[in-house]
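Both of the next two complexes hold chain A, though its partner changes from chain B to chain C.
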Partner chain A sequence: MSTWLEENDLFIDPQRCIGCRACEAACAECDTHRGVPMIHLEPLDRAESVKTGPTLCMHCDDPACAAVCPADAIKRTDDGVVQSSLKPRCIGCSNCQIACPFGVPKVYRARAQMNKCDMCYDRTSVGLKPMCATVCPSEAIFFGPKSVVETQRKNKANNQFIFGKQKITTKVHIMMDTSEDPVNMDIVDFMSVGIEDSQPWEM
Partner chain B sequence: MAKLPIAEELIIEKFGPHLKHQPPGGWDQAGEPDRRVKTHCCFCGQQCGIILKVKDNAVVGFDPWESFPFNKGKLCPKGVKRYMQGSHPDRLLYPLENRSGEGYVRTSWDAAYSKTVAEIQRIQSQYGKDSFAVLSGVSLSNEKSYLIGKFARVALETANLDYNGRLCMVSAGAGNKKAFGLDRAGNSWADLLETDLILCAGTNVSECAPITTDYIWKARDTRGAKLIVVDPRITPIARTADLILPVRPGTDSHLFNTLLNLIIQAGDIDENFIKEHTAGFEDVKKTVAKYTVEECERITGVPAKSIRTAAEWWGKAKRSFLLHARGIEHHTKGVDNVLSCINFVLATGRIGKVGCGYATITGQGNGQGGREHGHKCDQLPGNRDITNPEHRQYISKVWGIEEKDLPGKGLSAQEILNEIHAGKIKGLLSICFNPLVSLPDSKFTREALEKLEFYANIDFFLSETAQHADIILPGSLHEEDEGTSTSAEGRVIRLQKAVNPPGEAKVDWEIFLEIARRLGKGKYFDHFKNPEDMFNELRVASKGGTADYYGITYDKIDKNMGVFWPCPSLDHPGTPRLFENGKFYHPDGKAHFNVVEYKPSADIINEEYPIYLTTGRVIYQYLSGTQTRRIGFLSDQCPDPYVEMHPLLAEKYGIKDGDRVRITSRRGTVELNAKVVKTIRPDTVFVPYHWAGKKSINRLTQRALDPISKIPEFKMSAVRIEKVSENSL
Partner chain C sequence: MFMKLHKEGVLRGLGGVALLSVLIVVGSRKLVYFDAALIPYLIATIFAIFGSIYRYSVWLSRPPTNILWKRSLKLIFSKYFFANAGLVIKAFFENMLLQKFIGRRSPYRWIMHFLLAWGCVLGFAVTFPLVFGWLHFSNPPGHEHMYQLYIFGFPAMIFDPYGFIGYAFFNMLNLCSIMIIIGTVMAFSRRLMHPGDITTQSFAHDLLPLLILFGVAVSGLFLTFSTHYLGGHQYRILSTIHCWTVVAFLVYLPFGKFFHIFQRASQMGAELYIHEKQEGQLAICPKTGEGFTSQVQKDDVKSILRELGFEFEVAHEKFSVQDLSPQARRQLLMTTQHKRLKGKFDIVRE
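What follows is the complex of A and B.
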């Protein structure tokens, strides 16, 4: 029988992201890494667009970070969560930081330890959604069964990523826009330009 | 008096804003809280449910409240970090007296009350009752709003009471009353989930009402609903919209008149609904007939093709929902803009049905309830009219006074400042309002404050305006008192007390009661022992008014997670959706169309001032920033204002991203860093307004008011820009 955590996955829909950083704010409140968020949100190119996207651990089925750890400090639970490093074991060597194809783990020099998203294991192991997915105002970060996402979202959930010859499968899914319409980002594309006599940028 | 006692830098050093980054005791002091209190966020009209963790009479953290139906645990970063405003080093802990050269000196409550009451009596006997004004705010609960309304009229006997909702909801409120005979969002947000087409006009939903984005996305994803956004900027919600109409600031009513004309011409109107349930359509039809797409394209800067597409989508939709906010309301024609939207909705008859609706999005926490029951200069509880003899009679009876002793309609917030500046209003008591930051033309506001003979301020932090007060009375934070609030949906909810006010600070209502007693008016207030007593009187005062709360009790709110007004009797379930079956609240039972003609804005664009300035919020800050500029995480994300401009405009002036730019209007000048982005019209610049002093964009905005709503024209000023220096990074 599968566990609650196995029945639910995390989905990131960058299209819905409004860049508010509620995920970062709430993540930083966690009792295990208080004050430091394990999720990061950046504007992709603010000059061009208001587009933003969160980055958190993808929770690989076969995590490279754990494979390269010389101290065996990174564990993947049976229900699919790749844990942050174990404090007594982690030697702060940065192997994981270098190996991760998604650029997620970070060694915090002050405590000589790698910390990363553990999908709020304190919450998810007892049937609560991760904090980022709980607070996200737009459900750009969503936690639930894949069947719900498949029936209630237009975008397609993808959790397979190709890096060179390597295919990586993850517990975290990225929602992909399936439309082929080009996306305009410059407001001028939506405007009537040159009709007014005195456009201040043309004077 | 009413001047700063010492240099501003010294004031800031002592009273902030300082940034608080950690919970009380620091991050390492975690542990099980003593209690978890289910209450609501204090920032914005969505009033999200939230659980505050309490330990040793301090709020130490939050938990999502997933069973609260509106937000289901969702929060924006302001909600997540709201608890950081408690246990703050800047918190006012005891009464202060402004002593020139010395600063703000600690005084006793007795001395502070005595001085305040003596000054009220002196000023009123010397210059008349109305020479003492009250300014209030809608971060306050319904109970406090009601109390302050009664306090000003009964204890101070002044007509001049108004509130900071004057900068928020008044254009929408006035428009709603004209069109529907009642002032509330037409639907609960549940109808957004059931709609096919959503039109957002002048509402940056993603930053000012973030939870609403999920309602919009759910309709898009599950029903294939389309989204149209009308805005001079591509906001985060506009980024993925199906259609963007990037209007030139101040041209909204032209756009909506044209859209209405197009759907009339296409026959996409509900003639049966118009005939049965509305009045005044023919005059509007005649008026909009002359609004052509070509003219609209020229005026608004929106391509004719997009205008036609919007009209076609709206005309053919089976269900539709129109949302608007300050973007169309902060104008000298704010009420007109609102009415032009409502005309557009009414013509299709798509209102008061499943998935069909209309709403303005309340900006301030209790913007909805606050204006219904208390401190609006022209209204009495229950959304009653202070000039209506029957309404006056009813409220006088509830309050136990003679109708002749009830003051009449007073001045609006900006007009009160104008009269202070003109030397006609001499004294002021204010709470929860920071006009030096939030009102337009801040140089004028400062001059006015300095002219006051006496100013008493109730607040929890020393706001920039409070710095001018003679007496500062430390009041309470949202989480330090209980009461009710009414959300943007019209849902009346419960605010629970999590902690007691720290130090000698008091819950706000105790301060008003004591001043009333010392003014010899105790008999009208002494029966209030707690907020529930005030709510129960409010219920009676609102009974029979359009905003009827009579059937709402604390217990009923708790059991139902909120009750939607109108709720006229105890067995009434509340009204999530208004206007069902075409029933409106005018005496004729109909909705009223209102003729709107497009008018230019008050400020004039010319060669000297060739650029449009529009102002607004960012997600990390709230209103005048009194609270959010003190919360570390929030302030870190957006510590300073900036000027957003398109690369085409920037290039014209030789400006690059990060360069220092001087912006000048007919009122003043401010210097800010440029943010060069392709998401704003090239004839327009945008500056957020949450900061004070040299960072305040309200040094540039103007005091021109809508003639009906008296809202200032924040969303359109004429400015010029010039580069001051290169990006220093």
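What follows is the complex of A and C.
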């Protein structure tokens, strides 16, 4: 029998983000890291664009953060959620932060601890939506069955990404132009081209 | 099953047990001062020593742990030996002895953990030497009302058993028990009431160790209570119960949550990495220009990923996403989506 977390997924569409920071405020209410938001909500390029986007943990099937942890402090639950570091084990070394291809973990040096989005496990493990998804007014962050997203939106939910030769499959989906092929995260192109080269009004 | 055993771990574990056995024979003067009534404790301790060394060996063989330790030793024994060794000693004092980082997580947790940690450490310091026969007491000739402490069979201090030192010696375990009982009650309260902990905790890893510690401390105090206030009533049963709780603790030690006592030492390595970021060469993100970590640590993480079979490198180049700062990586995802959708905002279908 599938669980609530297996039936539902988290979908992020940075194109829809209006930068209201409601997700950040709601995230800070999560009981596993109360008072501190785990969402990164940043402008893409403040000088060139008003565009913002939320970054949450992508909850990789084979998380690089856990693989490089010398203290073996990062665990993935059976229902696919990569948890924050275990408090008794985490030594705050930052290896996870350096390894994560999505730039997610936050390391607090004074506390010698890494925290990150755990998909509001206190809520999602008991059949509730993550805080961010409940408050996002533009549904840039959406939690629900994939079939619902596919019916309601033109863009496709994709959860496979290629970095170099490494394919990363994640529990969290990003809305893209295709759901068939893995998304190539072209670092070389990213390095050479700025956001100004792809402004929507120039299309 | 035995094919999966970590050979080095077994050998190191057996080596540790052999060394302990020799020290017990030597320290108890060929077992003359070894108390046979404490044999269950000894067997459990030997199991704990073997298990802890075995698990530590397995843990050290993991690529990230292995590289952290090797890098730590390299940084210590570098031309900055005195500065880095001083840093490690300072980190040991602050993180291991005072556990300051827990205080920054929460003052409540610090008090709780400090009581538990030092209650256990002081308890170990008293019980292990007694179990191994390394300590014993005797009346010194000519001072029948005094006690003499013998360490490894060598005469040491003479003290009045009814004076402060005697009181401290004979009540140290009572003090430890009180510290542990307060600590476990605080920990239980937190685990039963804090919604975040309730979500992520498990019985085996979080509640069982507290139950074991509570059992050891309470049954230990009952022994004192029976001696002083019940005239030794039911002492045998109480001592058997206490013995089994301690055996449970020692058997659980290598495999459960208590193993973090040994793992915590690697925090010294993390401090060296942090120091390297502050003083050494920085890894600069080619996109944002930000120095986001030390070059040494970035190279280490990339080599760990390679060793574990991750292929993040862009073909024919050594460049990978790990060369970008975390901020640039977040921008990479947004930019990729932006480009692939050609800036078109999605619309909700009717």
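The rule we apply is simple: the second predicted complex is superposed on the first by the 176 of 203 C-alpha atoms of A that agree within 3 Å, B and C clash if a C-alpha of one lies under 4 Å from a C-alpha of the other, contacts with A are read in each partner's own complex, and residues count from 1 in each chain.
Please note the rule applied: a contact is a pair of C-beta atoms (placed from the backbone, for glycine too) under 8 Å apart; a residue touches a chain by one contact, two chains touch by 3 or more.
All values reported here derive from a predicted model rather than from experimental measurement.
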Ask   = Which partner does A:Cys20 contact after superposing on A: first (chain B), second (chain C), both, neither?
value = first
Message = Going by the contact rule set out at the top, does A:Ser125 touch chain B (first), chain C (second), both, or neither?
response = second
Message = Is A:Ile187 touching anything from chain B or chain C once the two structures are fitted on A? First, second, both or neither.
response = both
Message = Contacts for A:Val135 in the overlay, against chain B (first) and chain C (second): which applies, first, second, both or neither?
response = first
Request  = For A:Gln83, select first, second, both or neither according to whether it touches chain B, chain C, the two together, or no partner.
outcome  = second
Message = Which partner chains sit in contact with A:Ala110 here, chain B, chain C, both or neither? Use first/second/both/neither.
response = second
Query = For A:Asp72, is the partner it touches chain B (first), chain C (second), both, or none of the two (neither)?
reply = second
Request  = Considering only the touch criterion stated at the top, classify A:Arg153 as touching first (chain B), second (chain C), both, or neither.
outcome  = both
Request  = Return first, second, both or neither, reflecting whether A:Ile162 touches chain B, chain C, both chains, or no partner chain.
outcome  = neither
Remark   = Max touched-residue count on chain A (chain B vs chain C) belongs to chain C
Ask   = Which residues would you name on chain A as touching chain B in one complex and chain C in the other?
value = 15-16, 31, 34, 51, 152-155, 185-188, 190-191, 195, 198-203
Remark   = Seen from chain B, its contact residues with chain A in the complex are 21-22, 27-28, 30, 61-62, 64, 66, 71, 73-77, 79-81, 206-207, 210-211, 213-214, 217-218, 220-222, 224, 233-237, 239-240, 244-246, 297-298, 301-304, 306, 605, 607, 610-611, 619-620, 633, 637, 646-649, 651-652, 657, 675-683
Chain C residues touching chain A - in the complex, by the definition given at the top = 59, 62, 64-65, 67-68, 95, 101, 104-105, 194-196, 198-200, 257, 260, 263-264, 266-267, 269-270, 273-274, 286-287, 292-293, 297-298, 300-301, 304-305, 308, 310-315, 319-322, 324-349
Key: Interfacial residue positions of chain A with respect to chain B in the complex   = 15-22, 24-26, 28-29, 31, 34-35, 46-52, 129, 131, 134-139, 152-155, 185-188, 190-192, 195-196, 198-203
Note = Per the touch rule above, chain A residues touching chain C in the complex are 13-16, 30-34, 40, 42, 44-45, 51, 53, 55, 64, 67-72, 83, 87-89, 91-95, 97-105, 109-113, 121-122, 125, 151-155, 163-166, 174-177, 183-188, 190-191, 195, 198-203
